[in-house]
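Going by the order they are written in, the chains are A, B, C and D; count residues from 1 in each one.
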Amino acid sequence: MPLLHAQALSRSFGSTRALVELTLSIEPGEIVALMGANGAGKSTFVKILSGVLAPDAGSVLFKGRPYAPSVPAEATAAGVVTVHQSTDLVGIPGLTVGDALLLNRFVDRREPFFVSRRRVRREAQAMLREAGFDLPVDRNFAELPAADRQLVAIARALVNRAELLILDEPTASLSAAESRRLYATLLDLKRRGMAILYISHRTADLAALADRVAVLRGGRVVETFARPVDFDAAIETMIGRPLASARPDARRADGDPVFEISGGRLLPGSEPFDLALRRGEVVAITGVLGAGKSRLLSAVFGAGRLAEGAMRLDGARYAPESPREAIAAGVAMAGEDRHRSSLMPAGWPGETIAETISLPHLSRWYPSGFIRPRRERAKAEAAIDRLGIRAAGPTASVWTLSGGNQQKVVLGRWEAEPGRLLLLDEPFQGVDVGARHDIITAIRSRTDRATLIATSDPEEAIEVADRVLTMDHHTIREGRAGAGARRIGEDAR
Amino acid sequence: MTTAHDDTASRPGAGEHLREFLRAGAVFILLFAMVVGFTAAQPAFININNLMSILQAVSVVAILGAGVTVTLAVGGFDLSIGAVAASSVMAASYVMIVWGLGAFATIPLVLLLGAAIGFVNAFLIVRLKVPDLLATLSMMFLLTGLQLIPTAGRSISPGLILPDGTTATGAYDPLFLLVGRSSLFGIVPLPVVIMGVVAVLLFVLTERTRIGRLLFATGGNELATRLAGGPTDRLKTLAYVISGTLASLGGIVVAARVGRGDVSSGASLLMDSVAAALIGFAVLGLRRPNVFGTIVGAVFVGVLLNGLTMLNAPYYAQDFVKGAVLVGALALTYGVARGRA
Amino acid sequence: MTTAHDDTASRPGAGEHLREFLRAGAVFILLFAMVVGFTAAQPAFININNLMSILQAVSVVAILGAGVTVTLAVGGFDLSIGAVAASSVMAASYVMIVWGLGAFATIPLVLLLGAAIGFVNAFLIVRLKVPDLLATLSMMFLLTGLQLIPTAGRSISPGLILPDGTTATGAYDPLFLLVGRSSLFGIVPLPVVIMGVVAVLLFVLTERTRIGRLLFATGGNELATRLAGGPTDRLKTLAYVISGTLASLGGIVVAARVGRGDVSSGASLLMDSVAAALIGFAVLGLRRPNVFGTIVGAVFVGVLLNGLTMLNAPYYAQDFVKGAVLVGALALTYGVARGRA
Amino acid sequence: AGIEGAPAPFDKGDVDIAVVSFLGSGDWLQAFEAGVKRQADALGVNLTISQARNDNDTQRSLVEQAINLGVDGIIINNGRPEVLKDVAQKALDAGIKVVAYDVNLDNPQIPQIEQSDADMARLVLEQAVKDKGDGFVGGAVYVAGFAPLDRRYAVWQDFVKTHNLTEKAVWGVVNDTVPASVADQTKAILRANPDISVIFTPWDEFAKGVKLAIDELGVAKDVKIYGVDISTADIQLMTEPDSAWVATAATNAAVVGEVSVRAVSLAIAGAFPGQSVLLQPTLVTRDDLVSNEISTIEDLQQKFPAFLKSDAATASWIPAVN
């Protein structure tokens, strides 16, 4: 008897059919991977299993009994524990990381009624030890970078006494090392009989873990692949076409550097480094969590500061005091945590796709100061076409989009206008391989500017970049071009 | 501020459409019902002069409410507006009666005072990072006391004896009084015209311009706005300066109507304009601050109070009914929309 | 492990320590300075009886402030507490004078009333999804009127003539008056003891228990708390019920002290308790609602007002100084902390 | 219905009168409105009663609303002359009769009904000087900006000069919890100034707070309260054993209400009641109350006929109340 059997689940949002009679079983001790393009319905399925959404039709059997949690607490109590895709659903700004780790235990009363800071610290550290992660338990959760938030979510789920663990893109912002650590832990849990439903766009993850891969398309399971999985076939099933080999076309980046850092130091104590980007060049920086990639990009964008060193843009001194100045100078950045860095809350003005895209361009598009929505809608239509965003239209709320499609909107914002330097922090978070390919093509087709991409996934770095650099302890260690880049990637893996 | 997964199981059907209509129109339906009811009970209610009286009575609250709306849009809250309006009444009276200045000097001076107070609020909030409520609450206390210091707590009317024993010689400029007491074409009171102008200007500013978009963006996600190049500090400052200036404009209208400077904390002005702004959330079912809604909210309360007074309801019944109708409107707007609660 | 948490960015230096100390201690430093200053100017200030008077004077505001703090913790805001306290004064008087009940029936009944109002607030907010400010503001208006209906607007004292023409025959139970008027060991007034008990209970509840963590979690990120299985609706309800109950407790203390039911809107109680709760943010530099800070905030304002009265400062100077000191404390707590503004 | 033999329009009935009060609450207002209702019922008049709740602008709006309603007469109860003069004139222009109580509209067509605040304050303060002699040390509870309080306090200042008094302190606050807040202040004042022997409270809410403070401090023997205004609750406080509140002066608010209705009715009937209608205050001491066993306003009216009714503004066709 399967541990979980979902029978003909359907769920629509307005006219969007997110799930169409989806049927899927999971055996005890099995790791099932769910693959699917952005908007295929993966997160919707997860939300139904975890009690966040109710299905319109269909049923679920868990351990042979009907299972229909109406609130998340019921799912957890039944033994289904979920790590959601969005990292701001993990902890509480204002409370500590330790509190975030123990949140479930406060809820189900496994912690004593009276809690002390000492106990929270001790218990949280024990949890982290078990999961094999290292996090500052006394830090305010609000100050935690996105990747660390994901670690909190995973650690918390791991120690829950789950029979079915659901992970919705747990590695989206983890680097190779953390991912490997996670694989080991998951395989260990599997050996102990836990079933795992695993969702990821990273084939490396799936190759390492999956016993079975279910491919979702248009809200239904179109095919399942058993081990050993033929990923090329799976991807082709998923996106409906073969994936062209995504190798950077060797291009000559010529001319003077668009952007330079000389003698830069990110922190007062760290080693200095130099960096130069040429027009038309796409450069990727990889490195472990907390290596300083985001900090470097923030400094270039004027949201943070270099501790030391000079920057030059097109040969002129460049020292932005704020993102505003950076944008005025032709520098743009898409931040790593889209919810915090790019999107307006649901139900608030500015939540539509068109408004999200137009926000930084308002003064250019509307020099008179009065807004005529037609223009931004046209631009949004263009972005939807170019990046293949699955949406009802330019006036749809970004909150009705799947995670990957939200990410595409954020990229579309900065694609909408030319610039001199584009900074992308973890741009492919949650973007499926097919779409990633489209985006990379779009990025690489622009020769008018330089692009600097921070990503913790070396595979992505190689796919997108002409040159891959690594960052470690807040300094750029090494940079090689072309084929050399591949080797760095493989070293890291 | 909700995020991603806040979905309800809603599929549009006939019931859904009715619900949506009720939700968007709740306030208007109630307003219409009130007008019909009051007119039936007391035909003098629908008389044009009475309708103008209603608009005039709500004009100050509506002007202040528009300011509240702008601060709500940037995610802030201005608790000081009542005190700013009260201080402006005192300031206008002081300038005319003690300094002996005329309307053309008084009005800009008082507006400047309001703008300056808004600027100080913004300084506390933007520069010193004091939370909005805290900063504006302190400002409220400060002004409540400050407005009384020049006259040692006395009301300001012609012949005022100053703390140093001298007698003030000025008087209210008749021109100034026109701001509160004259009517356009003998029908539309000037305060109503001012309210209309403020409403249109602020509506256009918040809903139809780049700046409005950025104001709301600042309130929605300040970090994201800053990262998109929005000058969030300047936008917040703008919002508080607008709110302070509108509050002092409200104070000028009050002063021009009452013709003297009386001690008041402005607490009821504050509560009423906050109420108008919050009822505004329900108007059109928008569930967010919006200037149009605020004006409708103010008128809504004005119609209710005027009608009840005409029907001779005791004053305490008015508060009760105000609360009850508010709850009713809210339950309709918010409660009806979601099928399952 | 590869994660590199080298936070060398913030290496504390001497200046940093001083800043941190100033930030955490600003309110205490100011409090100490005030006590020293007032004592120097007027030795009667430091007299134990006077200190107890101060505590007694702030007890109601502190009790209400604790309730505000709990609602702030769940990310809400209760504007109705002032009105709940005022209604409780009326209710207690009504129950004793008109119904003729004694203290042992009156106190539970009034507390129950407060809890029930909190529950209705929570119903509006949690079930009907009305925004907090809106729901509690409506409740405020509702109560302001409602409390007057049974007596048709009259204050309640023995011999009250009811709307139906009969005369009430009850009186205040002397036992009830003890709640407001007696002292423990002849030194500590009972209201101060009550305040102390409330403070300790709420401090432990919010800072040292599972429920407290979940309350703050609800306020910090409701969705995350719900996804972790937290009963956010029940937690919010709890917060509003606590706030309503504490407000009615505050009302009982006022009634027991004054010995009659006076008509009032409670607006100044509301403002003062909100001020206490917000000053509390600054205490210990926590920058979030906390019960300990609220109590300190209330005492802080009480010391200031008592001292100024002793020094014979005019009443309007008190509001001004209250505002100015608030701004000062805030500037210290929030402004000093960040090196560059 | 209408009253037999009354001048028009009272013979046919259907007379509308609007009462616009500046105050919003309190025992005084309740008693005033009770008096208004009593007299109006006797005259068969329809009333529209509204309160501005201490808001000048609202009071203007309410007067304008009464004009819109087309009433026959308006009673303006308290308020500020600058605020009301022009709207009162507007009412007169619309043919509506206006009378004003305790606000000087300075208009020959508007009868002014007045209780003399100065007389009330003088009555109690003379009693204080009688009890304590010239040159006592005292304090006053006072908040500027409330017209009646301003006038009463001015008399106190006069007494300070002419009777050589020492004014040790002036304090006071107007908020939602006046008695409790004033009690807290008074305790601080009395601790800092133990030599104060008389406290003048120009408003009974202040007196309640001061009495509470004196009781809490246990100094009722040394400090006495001289107040203004009276209500049943006040009488009970004054007659408590060892009460520090020894004297007060007041007019009967219900009588004020009755007189106001009569005055406006006369005006409507075309008989101008005169430019000024004056009501005399009564001094009430604790000794009077205790020795006559007075415990309510009704008792007081029985024992002090001057308090029960006024013969100001009457006519043969106007039915008496009670």
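The rule we apply is simple: a residue touches a chain if its C-beta (ideal position, glycine included) is under 8 Å from a C-beta of that chain, and two chains touch if they have at least 3 such contacts.
Since the model is a prediction, treat every value here as computed from it, not as a measurement.
Here the two chains linked by the largest count of contacting C-beta pairs are B-C.
Distance from the subunit A centre to the subunit C centre is 44 Å, each centre being the mean of its Cα atoms. Centres computed as Cα averages put subunit A at a distance of 73 Å from subunit D. Centroids built from CA atoms put subunit D at 35 Å from subunit C. Under the contact definition stated at the top, the residues of subunit C that touch 2 or more other chains are 148, 152-153, 223, 267-268, 314-315, 318. The residues of subunit A that reach two or more other chains are 52, 84, 88-89, listed in rising order. In subunit D, 25, 143 are the positions where the chain touches two or more neighbouring chains simultaneously.
The touch graph of these protein chains has some other shape, matching none of line, ring, star or complete.
If you check the complex, the residues on subunit B that touch subunit A are 1-7, 9, 11-12, 208-214, 216-217, 219-221, 223-231, 287-288.
Looking at the complex, you find that subunit A touches subunit B at residues 12-14, 47, 52-54, 56, 84, 86, 88-89, 301, 303, 322-324, 326-328, 333, 335, 339-351, 355, 359-360, 362-363, 366, 369-371, 399, 413. Within the complex formed with subunit C, the subunit A residues making contact are 50, 52, 71-73, 76-77, 82, 84, 88-95, 99, 102-104, 106-109, 111-116, 132-136, 148, 151, 156, 175, 177-178, 181, 267-270, 288-291, 472-474.
Here subunit C touches subunit B in the complex through residues 124, 127-131, 133-135, 137-149, 152-153, 223, 267-268, 271, 274-275, 278-279, 281-282, 287, 314-324, 326-327, 330-331, 334-335, 338, 341, going by the rule given at the top. Residues of subunit D touching subunit B in their complex: 24-25, 47-51, 53-58, 60-62, 64-65, 67-70, 80-83, 86, 143-147, 150.
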